[in-house]
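Please find the structures below.
What follows is chain A paired twice: with chain B in the first complex and chain C in the second.
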Partner chain A sequence: MPHPFKVHRSAEGDVSVLHLEGFLDAHTAPVFEQAIQAELDASRPRLIVDGEKLTYISSAGLGVFMGFIEQIREQGGDLKICGLSPKVRQIFEILGFQAIYDMVDTVPDAVQRFTTSPTREA
Partner chain B sequence: MAHVSVSRLESLLESAQLLHASLDLDNLLKHLLRTVMGRLLVTRAVIAIDVGDGLRVAMARGVTDAPVGSRFDAARASALGLPQQMPIGLTPAVGLLATAPPARPIVDEEERGFFEALLGIAATGISNAHSHAQATRLNRDLDRKIQELRTLMELGRAFSRVSEVEEVARIFGLTLAGQWMATRYAIAVCRDTFGTVSRQQGVKLPPLSTYMDALHHLPEASLVSDLQDGDLRTLFEAHKLHVVFSLRSGEQVCGFAALGARPGGQTYASADLELGAGMAAQAVVAFDNCWHLREMLDKKQYEKELAVAAGIQQGLFPATLPDLDGFDVAAMNRPAQQVGGDYYDVLTLTDGVSPACLFCVADVSGKGLAASLLMSTIQATLRALLGREDSLAELACRTNELLFATTPGSKYATAALVMAHPATGECRYVSGGHTETLLLRASGERIWMGATGVPLGLFPGMTWEELSFTLGAGDVLVLYSDGVSEAQTAVFDEFGPERLADIVERERAQPASTIIDAIVAAIDAFVEGAPQFDDITLMVVKRT
Partner chain C sequence: MTSLERTLTLTVPSATENLALIRDFVVNVGSQAGLGDDDVAKLELAVDEACANVIEHAHGHDSNKEVTVRATFDAATLRIEVVDEGQGFDPTMMPATPVEQMVHDRRTGGLGLRVMKSLMDEVSYEIVPGERNRLRLLKRIQK
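On to the complex of A and B.
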């Protein structure tokens, strides 16, 4: 049975928030890719990925982040990650994602982070 | 301890609480240095700790020549002007604390006892902190291993649900990128019959075919900098790829996956190479499965097409031969494959004023669907032209031009055509490159009529000669394809035209259909079960 996965979008000023819900793996990754691509196509490179309702992420799911980050930062934006449950956050951390992504607790924290650190070196 | 004053006991208690409450080595050492430097009134001190490979500087204050991690011992301490040296812990010592000459030296036993106790407590704290750090490190390694196993399982699960090679490449690429946080990767894999599948992110490698040969010696997994093949190393380095995994089906390398740098200058360790090789092995199985599936589907599709072609072809052969006044005609065809390239037909027409019939045996180039389409073109052309041409030779010319114009140059047909008049037995004969036709006279004379021109449809503007003869009572005319005369045994002995003529001579009194049955039986007996390589087509015509 394929696991359900959804992306819901909201906005905080010029920052787009993508709320992930469910199981992000090789098969659901295209849904997430399309959501990010849509933001880039609309020239909105300031992104927050809210993983509060993300129940699982596989390496393929993490691969989506790697596929877009250079393009996002080249456009002067960034991708901040927030709201991860401890279980999901651990997967990010084992692979070292905190080294190149800002990972904070809440959406307001992430919005705040855009004012202090709008982008990072890719 | 009995000599230690109350104020010192209080200080020790405070230190013990501080030192044991923290598992953080850094905090612990800071506290130790503060206490010791405060009591001795010194501004320069070094703590060195032995974690298994000798004493090394763990923390220094006021000493610039003792970087953290550098080797340290009593001699070095003295050289740095740190003569006051105290072991941290006794059995065995976990470290050494060295300070400049104290402004307030240790003057009595009580003071010495205090320091021993303090350093003893510190030694326990340092050991605890080390054990904790080690446990944390082991836990992290374990978590990483668990995550790697999960990735392999996840990958297997993901691959099991796809049937397209492009999808396998997509999932493989995403997983590689996520596992090592790489923004650049390239995957290319090749299967002879299906071509190349390639997926790249942040990289534009030249086509796989340009360096496929160099891949044959690619190891299972390797850092690009360790590659033996200089050209390959240069290519991957030029595209900033740091590690490469070969995709191998059996012993044969059929492609590779390569990854760019990891963030923060992290390198690919041997555990990473192992994991990548495991992932590559899974990907190859998935690629193979997809290709296998595609092969099966292609084969099914091909079989379906063949069945359609066979159906078309069967429809081209006359279901029954027309009843002809004056002639007894029988014919048969047995294709070597499901769809063959031979064709025969018997058509009736009015040749000028008298009725006539056309006997035709043809062998078209190629096999399968293309051959049967060419065959239907020949049939349609013959039928359309029949009766409009003054001579059989002209019929051949017109057929040739039409075939040449409507088919690719490589497509052609050999054909033997006989126009016969039932009333008189007069026949005209044209052969476009076809195998010899046998006319067995009642007298027993064997007349072999060969080609009177080139095959039909091969060149434009050709002409054909026309032979004439009369088919008399007792004469037998045999048109056939080369599958008859060239029927072979397992050791390549050919049936041959004379053996054919022998059978016809023996059976000449029988009806045409019986003669055909006898020839077929003789061929089958001759080849002794060897597989049939070419279509067998026979037509026998007798006067009645």
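On to the complex of A and C.
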């Protein structure tokens, strides 16, 4: 049974929102990697990753978050995470990602966080 | 009282596209073994991590090689063996670098073992030189 993964992009002003859907694992992580790289190539380092429709994540997916965050912050932006289900959020927390990334409930919360806390030290 | 032991095995070509198949297999086994939904989800992720390590590191994305997942369970425990035919990449020997340092180094890998150890009751590795290597994961079944 296939476990598909998709990234859909939208924008909130100068903040890009990447909506993840499906299964993010070692097979599909390159799709997510390319989506973030495209934002950085276009000089759009203010990113929200919306995981509301993310069913599953393994460490390969978490590695994508980890590999880009320094570059994103060097470019004056940040990556905020929102909408995670308890099951998916648990994996982020096992690895201590809450100390590195702003994690909030909804896209509007994440947009608001860019106003109050535009970036964050890792 | 003796408890009946069952063994189920899946062998697939060593390619990341087969991780979905492996996860489906493991979810099925976990349910049959009597694990609760939360533990089935933990098992699914731990075995995914083990197999992704084999496919990427032990086999170097060589899909001519095979990954075997062998699950054995009784009333008390579920044991998973992930068998590879690679060079003996022992993930348990990897240094436990803090995540903050990994972010600073822009590393994208090296988290799998941490996840496996967090989710399973036991994780061990056995290298049989020139033969097979086995990563063993154990989950106790809560009644």
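The criterion applied here is as follows: the second predicted complex is superposed on the first by the 119 of 122 C-alpha atoms of A that agree within 3 Å, B and C clash if a C-alpha of one lies under 4 Å from a C-alpha of the other, contacts with A are read in each partner's own complex, and residues count from 1 in each chain.
What we mean here is this: a contact is a pair of C-beta atoms (placed from the backbone, for glycine too) under 8 Å apart; a residue touches a chain by one contact, two chains touch by 3 or more.
Treat the numbers as computed from the prediction; the structure is a model and nothing was measured.
Taken together in the superposed arrangement on chain A, chain B and chain C clash.
Of the two partner chains placed around the shared chain by superposition, chain B and chain C are both touched by A:Ala26.
Once the two complexes are laid over each other on the shared chain, residue contacts for A:Lys87 go to chain C alone; chain B is not touched. Of the two partner chains placed by superposition, A:Lys6 touches none, neither chain B nor chain C. Once both structures are placed on chain A, chain A residues 25-27, 58-60, 62-64, 66-67, 69-70, 91, 94-97, 99-100, 122 are touched by chain B and, in the other complex, by chain C. On chain B, the positions that touch chain A within their shared complex are 140, 143-144, 147, 150-151, 154-155, 158, 161, 171, 173-183, 201-202, 262-264, 266.
Note for the complex: chain C touches chain A at residues 16-17, 19-21, 23-24, 41, 44-45, 48-49, 52, 55-56, 99-100, 102-104, 106-112, 114-115, 118-119.
Within the complex formed with chain C, the chain A residues making contact are 1-3, 23, 25-27, 56, 58-60, 62-64, 66-71, 87, 91, 94-97, 99-100, 122.
Those residues of chain A that touch chain B in the shared complex are 25-27, 29, 58-67, 69-70, 90-91, 94-97, 99-100, 122.
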